[in-house]
Amino acid sequence: VDTKQPASDGSKQLIMALDPDYETFDPGLAYEVYGLLVLHPVYDTLMQFEENLDAPKYGVAESHEVSKDGLSYTFKLRKGIVFAGGDALTAQDVKWSVERSINLKGNGAFLTDGITSIETPDANTVVFKLKEQDASFLTKLTYNAFGVIDSKLAMANGATNAADAATSDKAKLWFDTHSAGSGPYVIESYTPKVEVVLARNKTYWGKAPYYDKVILKSIPDPGTQLMMLQKGDIDIAFNLGPEHVKQLQDKPGIQIKKAQSMTLTFLLMNRDPKIGGPIANPDVQKAIRLVLDYQGIQTIAGEGSVTPVAPFQVGFLGTLPPRDPKTAQNIEKAKELMKKAGYEKGFKTTLEVATLAVEGMNLPTLAQKIQNDLLQIGIETEIKTSDIMVALDPYRKGQQALSLWYWGPDYPDPNTQLAFLPGNSVGLRANWTAEMNPKLAELGKKASVETDKATRIKYLQEIQAMMDEDSAFDVLLQHARHYATRDNIVGTDYIDLYKINLKDVSAK
Amino acid sequence: MGLLKYTARRLLFLVFLVIGVSLVVFFISHSVPSDPVLANLSQRNIDNQEMVEAFKSKWGLDKPLHTQYFIYVGNLVKGDMGNSIRTQRPVMEDLKKYFPATLELAIFSIIIAIFFGMLFGIISAIKRNSATDQVIRGISVLGVSVPSFWLGLMVLLVFYVKLGIAPGPGRISPYMMPPVAVTNFYVIDALLAGNWSLAWDALQHLFLPGLVLGSFTMGLITRTTRSSLLEVMSMDFIRTARAKGLTEKMIIMQHALGNALIPVVTVIGIGFGNLLGGMVLVETIFAWPGIGQYAYKAAGNLDFPAIIGVSILISINYVVINLIVDILYGILDPRVRYK
Amino acid sequence: MSDDPLGYDDLLRIENLNVEFRTTEGVFRAVRDVSISIRSGETLGIVGESGSGKSVTALSIMNLIPNPPGEVTGEIFFNGLDLLKLPVKEVQKVRGNEISMIFQEPMTSLNPIHTCGKQIMEPLLLHKGYTKKAAKARALELLKMVGIPLPEQRFKEYPHQLSGGMRQRIMIAMALACRPKLLLADEPTTALDVTIQAQILELMKDLRKEIDSAIIMITHDLGIISEMCDRVVVMYAGQVVESSPLKDLLREPLHPYTEGLLKSIPTITREKQRLHTIEGTVPSPFDMPPGCSFQPRCQYSTAICSEKIPDLIHLPDERAVRCWRQAKDLSKQGQ
Amino acid sequence: MDDNVLVQVQNLKMYFQTEGSYSFTKKYIKAVDDVSFELFKGETFGLVGESGCGKSTLGRTMLGLYKPNAGRVIFEGEDIFALKNKSMKEMRKKMQLIFQDPSASLNPRKTIADILNEPFHIHKVGTKLERKAKINDLLDKVGLSAYHLSRYPHEMSGGQKQRVGIARALALNPKLIICDEPVSALDVSIQAQVINLLEDLQKEYDLTYLFISHNLSVVHHICDRVGVMYLGKLVETGNHEDIYRNTLHPYAKALISAIPHTDPDNSIERILLKGDVPSPANPPTGCRFHTRCLQATDLCAQVEPPLKEVFAGHFAACHQV
Amino acid sequence: MKMLLRIMKNNFLFSIGIIVCTLWIVIAIIAPLITPYSYLGQDLANRFQAPSSAHWFGTDSIGRDVFSRVLIGSRISLIAGLATITLASFIGMIYGGIAGYVGGLTDEIMMRVSEMVMAFPGIILAMTIAAALGPSLYNTLLAMVIIWWPNYARVMRSMVIANKENEYVEAAKSLGASHFRIFFHEIMPNSIGPVLVLATLDFGNAILLFSGLSFLGLGSPPPTPEWGAMVADGVLNFNYWWIGAFPGLAILTMAVGTNFIGDSLRDFLDPRLRKEL
């Protein structure tokens, strides 16, 4: 049944339901998971991904050069690009936009950290000077922090790239409901918690998108999204859990989409005995890795989810094949390890978990499964749930003994995952210091600056193998992303960075 | 006591209330183990001391507590509730956006609740102890007993999914465009814009959540109307009216109902207050972009400017509703008017 | 009506009225075999202790006993119609029109949310088909008649703005609005202060001359009866125990209860002496003695008194009494 | 001071505030306004007047239940308002109160035994046995039986309840009993029983009564001396004979003439007063009665007449006498 | 007891209430003995089973028996309702009692404060407390008590104010009774009736609020079988209607039961409406 009615004026419109986390569409400030879904089709960037996250392609840049020392990137811009507002896009706009992002000090500003200066030798050339080599610089350029803003229009509405922009910039509210980009769409309206409406940019320089309008509806509840899709009220239901998708099987008029998400769910096990108690014992941690029923865990997370051996996502450069859930569990060996650690009789501890759903899977539900599994080696856990914002505090301060967390990459490059290594930011959340595994720490440092692809892969794989043996983390899941569309919609393939590349979506 | 004086006193209380409510939230906000800095900065930025400082100074978190409070109150007097940490928009703006949605739903459901509640209550009182009475009392008790979040789920499942006779969640159908914002009440705005189909659509969308939200209040009103009417019917002046030769219908309509309404008004006031409180649950189920969801998110994020904002708004609302109830009292009951 | 057995030209005749109430404690008879009649223009007083069934009798006449819990049997003839058998519609036409009633509690018997004027106009609009304007004129006239100063202003006021005496005047005005043939006044002055009570009593006396309706005056104050009434009915525990013309009753009470009552009231005309008392209390309605209900308190009680309920014996001079002593006297005289 | 005087009331004023304590405009109800009189040992002093004229307030203030705005109450030579808590508690034993509404004056949740035990309990008098004996004695005095002890107030008739109230008042052997309309709520036939009981008890215990009533016949019957109150003021006092046979104040005259009486031959010319009693919150100037008085002059509207002794022991507050 | 039977005979709804409540109380007491499965037992092979003879109410997202969880859940709901009402009415009674008895400025201030608490949006308060202190049964109960006590304070105060004017209080005063004695012996016993009625009436409401809060994830942590949390689980697994429907029905029946009782009881205790029973 397709009850969906066409727009009153006969124009083509796409309606997508999602549970978004965006609060602002100021490209200098936005750094939410769903930010780029909206901003990518609105603000062009120098580089952008297409289809997959292998390697960035050119966006408004048409070529680039890297200096020998790797510290200077020179981009040539495509000619003849005009902003939706009518102004021509120049190198000056690029410089202004990036400087504004730097000075606004928004959540995504760390992506610009390595930049020392931006130069514009002419209207079509931009030169970025970096502090140190950065293998992921081109990838970072795909973010909205580097989105090119129509600086004239923006300044007319109170924006500034001045050093004190964090306090003197007055354009945030304007950016929420207007746009100043050169992408295929412009923001037509934004009603927080209700919808964002994107309208076709008639002067777009590239291939014109299929839809005249894209409406992104905020429907936080997956059940509701499911209902609306079944009723034909929407074209895409984007936040379905594995269970919802199952219910859609064999439903006419609907196609189910599955993809590998880059989001990980993992167990943190503190290495500090003062905090973790028995948990801090590496043997106990290994025993825990062995006793968990990964197959059951994957059942809960839904079809398509996998369990990487270490915190490196399948799909990234050099990631090892995931665990085989059928053989990964070894209760006997786990018991032995417990005995070795002196906890043959087990012990009691708390399992902390934030109340939220990751890719449609409810974390507390998973926690109950873990609780159940740990009982087999005598570890009795009491689940402590708290709101994510409350749980973040002890997590970031490294005060949780045993906790369940999720992780999404900051940018699509394995380097972002090195944070899990001992001595690095996430490693330290488990009080896993570099001294505890100096070899691993050392290897991590090497991998982060290595630019040769083969060597990088070698280092990365070595790291993963070592982490399978000794790690303060146990990666439970790399999630699958489940969503569904009306079956006449095409071009909705998942790209982790953008979720869906809206400008490519069309209907049969 | 004159009405004016009374109103003045109430308004004075409002000031007291606003100060109290903001103080309480402020107190809670600084006794909590977690920190808005951590809650709102990205993982990367937390490790960056400079970013943390910048964030703190931007939101005034680096100043002593009492200074923060005085700054807040100072701004509040000027109508500035500060910016929400989470949405980064002025709280005032957010409230202006979300509150009308909530209010529209609340008003709609209170109208339903009043209409059916009083109707049922009157029937039940007239036919007291009959089967009809028992059925109505049963319904009214069901109304006050049913968990709204569950009822919401069930009615959506039945009327929207299974039967397809009711529209789905949200304020309007997904393919419709919201009307030009004037009052931010969609039905009214759509009518103002002359867009009949949109107005009808918006009205339809009010129905299920309105019913779910109003079920409690309706039960309360039914119950109160019934007992209040019964009580009034046993009063001396009703006997006088009978002795004058009035028919039962005239007695109920002209003599009993007016008096019976007086306690009902109080209950309507309480009910309306409850509606706003119960919003969180219903809005979650019906994807209603109102103050309830906003508050829920704000509380989760420890977004204190927003929490204080919502709390003050709802408290003010409570006082205003009480004021209206009291004024209605005066209209309904001449004894209050002249006291 | 002229073929009345007692030879009265009765306006109202109550015969064998019984009222039962079903309560959680059980069923009790609040009024037992009450027969009363009243002629046009006559003022009849009903006295008796609290709970003796005075109000219930009056309410029965108006057909105002709530059912449930009340159950009324017997006959009440008014203008030849049995009010108890009349359909509700017909009764409503009589109420407030030909028979009207003034209640004991002036404070609560007026609707607090309507103006006094409106409440007085109501029966006029309802029964007499007055226009609003005419009704208002008549209402103002009535207000003047019951001695309310500034009637124009009082007309617009609400009951709570008036004193108790004023409210009772409003009640009276309301009752008189349709010039009823029978006025039931249920303790109209009990709740009022002495000086106000005097005003109301005087007012009623004056009005009696003017409107020439029959009045049933219910009270427990013999003083009021003696000022107002032509004939008196004494009730005790739901029964009529004595019925006599006023003067006869005061001079020579026939029933021991009436006698005790008269003697136990302190008066300022009598010299200060120890008060006569009727020992004991009124029996509970659930626990009525088998014979005469006054027997446990009666100084003359004999064996038969506690066995059989005496009948109401009709004596000459329109007197009647329910007492074995009188029955014996009577039979002695007969011998 | 006269040895025969038990209580002396001097210039007693008791005002009730009617608007909230934080209101700018304070308003008062002058319930008792400058009242002075004395009670002699063993006498019954009747207090009459219309509803709201301050009779109950006067009685309660005399017991120290309210703190007066001005004036003194001297009981056996002691100013009761100057007493400390402890001595006040002792003083309470000597003065008791009987109420109008026998149902309202008994705690519905207590048995009669509890109620009668309370005075002993509060003042820690006697052992259990002594108390029991005393209570039985009291019951006997007021004409109740021991089996009533286990009952609750609602299980008793009005007259019986009033007897319980009287027994409670007698428990601590008081010298003064203030009877606040003790028979108004009772049926005529019961009224006489209670009045007789009160008279008997007075003789037996040498009690002094302040007898409040608006039933002038009852007051006439029971009282030795009578005071007539109007709007918080005492307008006439004197002994029984003076008040009823030689009435001075026009208000008192009207009151007495208003009593309906059962004697059909004896019809007194009734004096009908105009209008209602004015509100005590806003009493008329000058003589408070002048608005309803048939003999009022300009003087009456302006100057308040003092209570003066017209004849020996017979006081009246009227410009006309 | 006799009275109970008499009321039951005459009042259909009241009887239903009594029966339903008794049933729930019995279930709560013997729940562990009658549950067919452990309420914690996971069976991932049998997740999302529709109601059947093996699983009367079906199974949930990790294969636990919904029926067993609903039965055990009755304990938490009953305890939460009872604890909230008891504590709130206790606090409210003392607070309102003092305000009413002392009167004057004290009363004014105390009442304004309680009014402020009432004006404060309860659910936001609860959410903030839960966010700040972490969700747990105790914190949720704490929040509920904070939300609830002013109702009782108000009723208690008005009762005390009405009762302190009673003549029997004056009688006790004139006997020289202390404030303490007057308050606790004379006024309190006569004032708590309506408070208790309110408490009975409120019991259902407390259960509702509690389940609402646990629906929002503010109750005790999993795997505690709280009805509200179970409904929330049902919302997440929308098309497996039984996961949410049965716990919801449980809340409904328990609330209906207590409300039927409360409703009839109030009518019964109201002397004006009493005769109808």
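Some points to look at:
Letters A, B, C, D and E name the chains as they come in the text, with residue numbers starting at 1 for each one.
The rule we apply is simple: contacts are C-beta pairs under 8 Å (C-beta built on N, C-alpha and C of every residue); 3 or more make two chains touch, one makes a residue touch a chain.
Just so it is clear, the model here is predicted, and its values are computed rather than measured.
In terms of C-beta pairs in contact, B-E outnumbers the other of B-E and B-C. Taking the mean Cα position of each chain as its centre, C sits at the greatest distance from chain A.
Between chain B and chain C the centroid-to-centroid distance comes to 55 Å (mean Cα coordinates, whole Å).
Centre-to-centre, using mean CA coordinates, chain D is 50 Å away from chain E. Between the CA-based centres of chain A and chain D the separation comes to 88 Å, rounded to the whole angstrom. A separation of 91 Å divides the Cα centre of chain A from that of chain C.
Counting partner chains per residue, chain B shows two or more touched chains at residues 32-34, 153, 284-285, 299-300, 302. Shared contact sites, meaning residues of chain C that touch two or more other chains, are absent.
Each of the following residues of chain A touches two or more other chains: 221, 223-224, 227, 387, 389-390. Per the touch definition, chain B reaches chain A in the complex via residues 32-35, 38-39, 41-48, 50-51, 54-55, 58, 86-90, 93-94, 97-98, 153, 156, 160-161, 164, 168-171, 173-175, 177-178, 284-285, 287, 289, 293-294, 299-302. Listing the residues of chain B that touch chain E in their complex gives 13, 16-17, 20-21, 24-25, 28, 31-34, 128-129, 134, 137-138, 141-142, 144-151, 153-154, 157, 223, 227, 230-231, 234, 276-278, 280-281, 284-285, 295-296, 299-300, 302, 307, 310-311, 314-315, 318-319.
Those residues of chain A that touch chain B in the shared complex are 3-7, 13, 15, 17, 23-24, 29, 31, 105, 107-110, 166-167, 172-173, 176, 189, 191-195, 197, 215, 217-221, 223-224, 227-228, 230-231, 233-234, 387-390, 392-394, 396, 410, 425.
Residues 50-51, 157, 159-160, 187-193, 195-196, 199, 214, 216-218, 220-222, 240, 244, 254-264, 266, 270, 272-273, 275-277 of chain D are the ones that touch chain C when the two sit in their complex. If you check the complex, the residues on chain B that touch chain C are 235-237, 239-247, 250, 255, 258-259, 332-335, 338.
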